[in-house]
Amino acid sequence: MAKPLRIGMIGYGFMGRTHSNAYRRVPNFFQTEYTPVLQAVCARDADKVKAFADQWGYASTETDWRKLVERKDIDAVDICTPNNLHKDIAVAAAANGKMILCEKPLAMNVAEGEEMCQAVEKAKVLNTVWYNYRRVPAVTFAKQLIDAGKLGRIFHYRANFLQDWTISADLPQGGTALWRLDVAAAGSGVTGDLLAHCIDTAIWLNGGITTVNAMTETFVKERKHTLTGKVEKVGIDDACAFLCRFQNGSLGLFESTRYARGHKALYTFEINGEHASIKWDLHDLHRLQWFDHRDEGPLRGWRSVHITDGDHPYMKHWWVPGLQIGYEHTFVHQVADFLEGVAKGESIGPTFRDALETQKVCDAVLNSAKATQWQNV
Amino acid sequence: MAKPLRIGMIGYGFMGRTHSNAYRRVPNFFQTEYTPVLQAVCARDADKVKAFADQWGYASTETDWRKLVERKDIDAVDICTPNNLHKDIAVAAAANGKMILCEKPLAMNVAEGEEMCQAVEKAKVLNTVWYNYRRVPAVTFAKQLIDAGKLGRIFHYRANFLQDWTISADLPQGGTALWRLDVAAAGSGVTGDLLAHCIDTAIWLNGGITTVNAMTETFVKERKHTLTGKVEKVGIDDACAFLCRFQNGSLGLFESTRYARGHKALYTFEINGEHASIKWDLHDLHRLQWFDHRDEGPLRGWRSVHITDGDHPYMKHWWVPGLQIGYEHTFVHQVADFLEGVAKGESIGPTFRDALETQKVCDAVLNSAKATQWQNV
Amino acid sequence: MAKPLRIGMIGYGFMGRTHSNAYRRVPNFFQTEYTPVLQAVCARDADKVKAFADQWGYASTETDWRKLVERKDIDAVDICTPNNLHKDIAVAAAANGKMILCEKPLAMNVAEGEEMCQAVEKAKVLNTVWYNYRRVPAVTFAKQLIDAGKLGRIFHYRANFLQDWTISADLPQGGTALWRLDVAAAGSGVTGDLLAHCIDTAIWLNGGITTVNAMTETFVKERKHTLTGKVEKVGIDDACAFLCRFQNGSLGLFESTRYARGHKALYTFEINGEHASIKWDLHDLHRLQWFDHRDEGPLRGWRSVHITDGDHPYMKHWWVPGLQIGYEHTFVHQVADFLEGVAKGESIGPTFRDALETQKVCDAVLNSAKATQWQNV
Amino acid sequence: MAKPLRIGMIGYGFMGRTHSNAYRRVPNFFQTEYTPVLQAVCARDADKVKAFADQWGYASTETDWRKLVERKDIDAVDICTPNNLHKDIAVAAAANGKMILCEKPLAMNVAEGEEMCQAVEKAKVLNTVWYNYRRVPAVTFAKQLIDAGKLGRIFHYRANFLQDWTISADLPQGGTALWRLDVAAAGSGVTGDLLAHCIDTAIWLNGGITTVNAMTETFVKERKHTLTGKVEKVGIDDACAFLCRFQNGSLGLFESTRYARGHKALYTFEINGEHASIKWDLHDLHRLQWFDHRDEGPLRGWRSVHITDGDHPYMKHWWVPGLQIGYEHTFVHQVADFLEGVAKGESIGPTFRDALETQKVCDAVLNSAKATQWQNV
């Protein structure tokens, strides 16, 4: 019989749904020593949090996160709030000896992130950050190929995350639905929201980034604020691009924007090695593009690999070859791995400390854009 | 509070998993008057069915389907067995007043299918068949576009379902895992397994088929039988292709095989109308290809539409634009629709009677291939 | 110094341009013992043929093809007329000892084709038919792969040629521009015009076709005739699809139409073998799709091979890797090969006799559609 | 009767072939007042230049370019030499009153380029630079769409030109075949060779670039020199990426490398506007990707437009819809336009002055990379 791991979740927005779904589905598809129990969910609006708890089967609700992190019947705290609350909650949860699963980005800045790392390390609690795209099977498979040395020396890494949903100047900022446009709640714009994903994957696949050179832009300078009702200056970056160098000598190129008409959530990366290259695109996440120079000359070409076979990462838990999974499964995989980590008493990556590396790059990127010069990470 | 709909499922193979998952997920993503309750699952092997029940949360198990269909605490029977058991179970379930959700194809042949239709119609029980691909959002959207008249007069319909998993002559036939290769259990090969899907979608989108002309082939003539241990003649069709005519005057072309190297589960269809055309491919099921002749001339081209927006069918229940769903969601959608039907007291399509139309085409196809001549449906 | 091969071309329509271009370009890109000399072009309209001769550099013109085929200063006759003149011209040209390059399809029917074959064989003149798609580098490369046994046993061959330019009922039939819609000039519709290409390639790649089963349709039953000015019955097939069996035991599926909205000239074929599969598409003719089951399991995928390297067929004569050639180059290749054949005294494929095989399949297809039954070739 | 325009070409390498072909083909496909006459070709090796002249039909040869530019029977000088000779030849040709068609990049640096501009402007001779990709029909069509305002305000422009042919450290530098790797002959590496194309197109489509920030790398530090036989330091940039800002407020991102395994000549650009976006890729140059936000919501998607219709730029001169042209046609188009310019007495773009703008960006990019800071153009 599986041992319970009692979850207390704070926040119930988009990420609250993805995480709740993940907890519920793991037991049906993975054999794990621990099984998640939806013990409590917390949010300020008592009615709404009750409705959410009913829909997802949480056993109880809270409206004050401080109470939740102190509850004895909670083993792990899941932080799904806007970014500006991550630090306080994490520090308090750690102080109460809770394991922590924190949404990305880790924090508002490196200083907060460092404090969070010290908190979990001091408390010796298991911790992870929801950079979920690592666990797209195609992306995990890319990691395996790289680690097996199949690409040889790496020359180039490029990634972008392009969206188009904020082009209209009529869109307001702030509030529950649009806190990502409010610098006070989000800390930054596309850098923390989107590039952070690209950077986490890049560091995981290609190692550390040493120096960056960035450019940011805010195309719509003022937007009405949902909370104040007034037109206010927009403090976030609408677009951010940067050049960088990796420790392994390869060159990096990153771009993110919410003004690329035609792209809903185009997160792509490509990595060019001496022997082989890899491409991936979130819009068709179940495929990996693979080019191998060792193939017979006239038959060399980019292979479109449909990552749905039993010998692809995570896929033996799902269906049969040819039948794709989707976005939400990445969270299920992270929960499954986390539970395996719990059984071993080990944190799985990305840990807070891993996510701090991404935070350092984000901060360096924003500083570089402000100073219009190269910045060491 | 949602009213319970107590499910009794017979069979726990691949389809047993997809259905169980669907029942469990609906309440998290859809607001329905009824909610499924996993009351019982039935299979001959007591240990295995117990393990399955534990993993999916079924409240009880049975090893004899006759008992299950008689249980008073079951509202709906879900038939996930090999094809040769569909009829007996369905007739018995209907006689006991149960609603029925039956895996496809409806039956071994038209005669059985007719008996099943009469049974459910006599018993006045809600019924549906799991032709799940109707509820891929892109496919449902195609239906809406056609019904809105956006294609105009239809000239052509073509579909294929190509796989490559039975090419090895070492693969045995029969038994739990490979009953689809055993004519006694499956009734036919690719015709009932794969073409049936293509035909169901085609009739739904393009209306009835009047006449067919088919060719079948069995490439590997003998395979070891898992149950007998002996090399036996292969009775199924490995490949089947047919020409046909629709009631609306359009021409149809269908093909299915398990010998198309490189295709895992390539179910594609294309429909060419006077004003516009549609293409879809199961390998990238979250996309619809759309060509509209009414677009400005020099800018005409096939559009690749990423079916992940809130105004696409079913998608408001899931995530945000750009984030794809997968194969399993089609079953969730069918359960959600079925529950809505229960609330209204109406069967949703495809009903047994709808599925009988597909069965008629399948039988005509097999007869045509045997007789090497055109066959009316 | 290259020896002259004096060309006399009859007809100056679309094919007249592609052939004239081919003759002119070969010397710049290929080293051949013989070089084409544009000696004469023939058509009924004296002014127009003079203008054409000026633009392409023909040394002289004729308005009566009988005169042209008798001229002593012509070595090879190129037949670019509508199909109903192929036979008479070819027979006369052969009688005059001319080499012949004849547009496809070979003839109006098998009887004519047989007469043409006998004429060239009796006269012992070099002959070829312009089934130009054999010499798309990607298609020639497919031939090499198949002949090298890389696919193993072949299970399936499917091809289609889809267009959409005749959907409007206002389009007239007949005359210089639209003789392809006039059965008296063309002999058939899509069968001779488009499927003939598919069949020629198929026989070349996959061997003979033994038996066929076809369906044809004429969607627009009457069209104004350009020559008579009257609305007349349309005698051609607007669409044609057929099932077939090849001598090697593989199954074939062919379709052609001019009513597939969204396709300009979608000639595609796919061939599935035991070990590997090939796909090709005229719309992107510089690519070949290749799937190889011998690739490492998890990395198997369809490769998109950009056929622009020096070790791809014909490509060392053109540019550098990555820079594509186009449609017209197929004719250049055929002329280059023909000139090599002249140097050796050998006809290159497809010869008249080869093209007669395609004609036999076309006739069987049309007969099968008429008789609504299988037809041996 | 067309008037002759007597061409004297200097250099006969890869570009010598593309230009010679263009001159020869224009009269067959375009109606122009002037027609090119291949008067002379010049190169240092007398035998090789004679062979080249024979193959392409040049009337005479020279081995000293100074003689060629002084010949009275030459109207236009075509410069196809390595970059380090452009300036001297152009200045001398202008002094002799010749029209000039110069290969790209214009010069080794801005100072040389400025001298060249002044020379042609003083001499009042027609001049153009072979940035041929402007005249890919899909690219010209993009220009038309942008100029018609269909994209609205532009937010982003990104382009890259990726190759993989210099990854092997065994490849030597310098000499006839590999002068592009020799900084003394080429001036720079990928910046002048590849990025210059991207920059020319970008300025043409999106206006001037004001400031840049670049990063370059030389992965293979030493290579054997073909001429000296010694291992020498590599002076060129193997890879170059830069951020930039355009005058219209949009952000730019450019990258080029010869170390991107799997890409032969992947020149792509994408431009994101308020209302619509465009993508293009040299590997499939006959297609344009178009996304239009004004399309009906649920049917929005990227359109793949096959640029082969008569109403697409240049295409009425070629074949019929669906039949693609290739790389070499871009040069034919430039010659056709140049001849039209000659008839009007006007230079066509890109003129030397236009190409100087690109040179300025290239110089700023190289300077920025060296100085590791932003650089104004």
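All chains are identified by letter, namely A, B, C and D, in their written order; residue positions are counted from 1 within each chain.
Going forward, contacts are C-beta pairs under 8 Å (C-beta built on N, C-alpha and C of every residue); 3 or more make two chains touch, one makes a residue touch a chain.
Quick caveat, the model's predicted, so the values are computed rather than measured.
Averaging C-alpha coordinates per chain and comparing to chain C, the farthest chain turns out to be A. Same interface as B-D, judged by over half of the contact pairs sharing residue numbers, among the pairs C-D, A-B or A-C: A-C. Between chain C and chain D the centroid-to-centroid distance comes to 36 Å (mean Cα coordinates, whole Å).
Chain centres here are Cα averages; for chain A and chain C they lie 55 Å apart.
If you average the Cα atoms of chain B and of chain C, the two centres end up 42 Å apart. Multi-chain contact residues, meaning those touching two or more other chains, occur in chain C at positions 300, 302, 306, 309.
Partner chain A is touched in their complex by these residues of chain C: 141, 288, 290, 292, 295, 297-306, 309, 311-312. Of all residues in chain D, only 155-156, 158, 162, 164, 167, 213-215, 217, 219, 239, 241-243, 245, 251, 253, 255, 257, 259-262, 272-277, 291, 293, 300, 302, 372-374 touch chain A in the complex they form.
Interface residues of chain B, counted against chain A in their complex, comprise 14, 18, 20-21, 24-25, 27-28, 55-57, 163, 165, 263-266, 282-287, 306, 308-309, 318-329.
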